[in-house]
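Across the two complexes that follow, chain A remains constant while its partner is chain B and subsequently chain C.
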Partner chain A sequence: MASTSPLCPADRLEHRSDLVVRPIPEIRLCLVYRPRPARIVTLNASSWLLFEACTGASVSEIEARVVQLADAHDSRPASSRAGEVRKGLQELVDLSIVQRRQPTPTTEGATS
Partner chain B sequence: MNDNALSRIAQLAASNGEPHAGLLDPEVRSGCSFTFSPGGVTPTSWPRFQLVWFYTVDLAKRADFATKIALYESSATMTGAATYRGTYSVTISGAVPELEYRTYWGLDTLAAIQDLNNALNAATTGPLHEWLALISLEKGMRSELMGRTVGSAKLTG
Partner chain C sequence: MHPAFTFAEASAAPPKYSNPGPLERPMKTTLVITEQCNLDCRLCYGRCKEAKPRPEMSIDQWRSVINDLAASGVMWLYIEGGEPFLKPGFVELLAENTPRMFTMVRTHGTLIDEALATTLKAIDVGVVLVDLWGATAQTHDALTRTPGSHERTLAGMRHLVDAGIDTQALFILNRHNVHELQAWFDLVGSLGTSAAGVLRLYPLGGVKAQWKELALSLEEMTAAIAGIKVPAGLRLMQSWHPRNANCCWQMSAVNAFGDSIGCAYLRDYVNFGNVLEQPFLQTWNHPLGQELRSGHVERSCSSCNSTQGSHGGCRSTAYAFHGRFSAPDPFDLELNDGVDLTTLPR
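Our next item is the complex of A and B:
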């Protein structure tokens, strides 16, 4: 697994656009084919949830959303899940299937 | 993905514990595991490559097979770029006993596999033909082409 810099709460995350995603809900898995370098990544359902939540939102937004979604089904304390979410997102970034969204330059030269 | 779809995945994840993502290492069923370079010190008495057949012989034909192998090995076995290196029967194995026989062919170069194929095809009579004819064509039988490790390229696999 590639070593990447730790995620910050403000980092915006999105899937790589060149992935082939094949969910297998019957066995609570999702397979992701990642070209360049070509590998297949397996995600358990918890990791799959994080992966699907990475649509450009910030790390803190994803954490809040995933913890909220999990609240309905998971009886563990939300605080323990938040730590797992951060670790899980980092894993997806390290495996190069999720990437930090590059800031978009504005006309004033600032970034958003 | 909408919230409903995410919620369904969250439901699946409820009994999953913490997230885990990992690389899938597929079992290699064909193709090369190691590539080879021309280098490496190879004694001339050792072939650079070996082709190994893994196969079985029908129970009723095994005695005949052993006789035919003995006949072939006492005759002029294959020589040249492709050489006959013996046929062995498994004595003890840690694997399920399905394919009990191995035949080893030595190859000077990868191109010598063509010489081997030509010689096998040309054997329409004689001891070689007779023992080849006793091999059972079964699902699972296989062959492996192996190169000497001293000639293998590094960092592949």
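Our next item is the complex of A and C:
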């Protein structure tokens, strides 16, 4: 697993565009095939949840959403849970199935 | 690769499945792409040198079958032979499918030169598994009945590793190579392969008739596995107790003639129908296929269940020795029940 630079709260995350995703809900797993270079990643239910959340939202937005989802069932401090979410997201980025969304260049900033 | 993160389980801790599935659709398929081979192996499960009553599927037919598999949910192909690289058009077929499917190719490596290895890397093949059955040419070439094959296989492995391909070595453990097992590990460790697999011998194809001469006892196999010192950087793959899986729950397979056979190791026992005549999913839903995937077995080894999440061990060897698909796998230490693995039942 390649180590990438640590995520920042403002980083927006999205799936790589060339992935083949095969949910297997009957065994609570999701297989993700990343073709270049070829690799299969097996996501457990938790990692799958994080993976699904990476649709352009920021790291802090995903943390907040997932922590809230688990609020009723987890007595640990929210900061501790958020830290785990961050680590999980970082893993997905390091596995190169999730990437930081590049900011769209604006016309005002563009040079010819 | 399983990411270690387990956070959201706090919301509803999932039951630890002890019997995976049943899968609604297949995810992984073995393709026995050809039974043609340029070696003459004593360990051949495919009867490669025998005349065939039917023609093998053409590459165009395979193309249709793989499209059907993809539509059925398959995204992982394990391709073997015979020798896959003898099949005309195989590399092109592989290249067409690597963008949508993880691919593993099993070969004896004698046809892999620098150019082919470079191509395989360029098309993003996932893993190449190479059968090498001895540390010495004397042992390997006797098992392949092809002088020079050891040297050519080693050359192929070096080309694969040099090209940066994940290369794994396979060793079918038998009476004629068990004495070289450690030397073999040292050899493949020095080549730069990522993993080394020690496989059991299956009573299939041409091996059946030589079983008495080739097979080891369970005690001999267990001792050999226990004695392995795995070189640093090399991953050991082995499926003996306590890691004896019943893989049927996740497997499917199609042979060179289009027969849907569940698993390549079930090739002599099972035929769910021909995919040239019916959609693959129809064969997948064959009652025997469903039964094999269910994990309904007479006994289970708790150690293997805890490591593999499945029950009863390999269904092929269970059937070969007991004649029942639900029987215990006699290759499992806890399920052997005194079965002598050196003698096949009549």
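The rule is short, and it goes like this: the second predicted complex is superposed on the first by the 103 of 112 C-alpha atoms of A that agree within 3 Å, B and C clash if a C-alpha of one lies under 4 Å from a C-alpha of the other, contacts with A are read in each partner's own complex, and residues count from 1 in each chain.
What we mean here is this: a residue touches a chain if its C-beta (ideal position, glycine included) is under 8 Å from a C-beta of that chain, and two chains touch if they have at least 3 such contacts.
Quick caveat: nothing in here was measured; it's all calculated off a predicted structure.
Once chain A is used to superpose the two complexes, chain B occupies space that clashes with chain C. Once chain A of one complex is fitted onto chain A of the other, the partner contacts of A:R36 are limited to chain C, with no touch recorded for chain B.
In the superposition on chain A, A:L49 contacts both chain B and chain C. Looking at the shared chain after the overlay, A:D18 reaches chain C, while chain B stays out of its contact range.
Stretch 203-211 of chain C is the one among 23-31, 95-103, 113-121 or 203-211 that clashes with chain B after the shared chain A is superposed. In the superposition on chain A, the residues of chain A contacted by chain B and by chain C overlap at 1, 28, 31, 39-47, 49-50, 66, 69-70, 72-74, 84-85, 87-88, 91-92, 95. Residues 1, 18, 20, 22, 24, 26-28, 31, 33, 35-47, 49-50, 66, 69-70, 72-74, 76, 81, 84-85, 87-88, 91-92, 95 of chain A are the ones that touch chain C when the two sit in their complex. Partner chain A is touched in their complex by these residues of chain C: 1-12, 14, 17, 20-24, 27, 73, 75-76, 98-103, 124-126. Interface residues of chain B, counted against chain A in their complex, comprise 1, 3, 5-14, 16-24, 26.
Looking at the complex, you find that chain A touches chain B at residues 1, 25, 28, 31, 39-53, 55, 65-66, 69-70, 72-74, 84-85, 87-88, 91-92, 95, 97.
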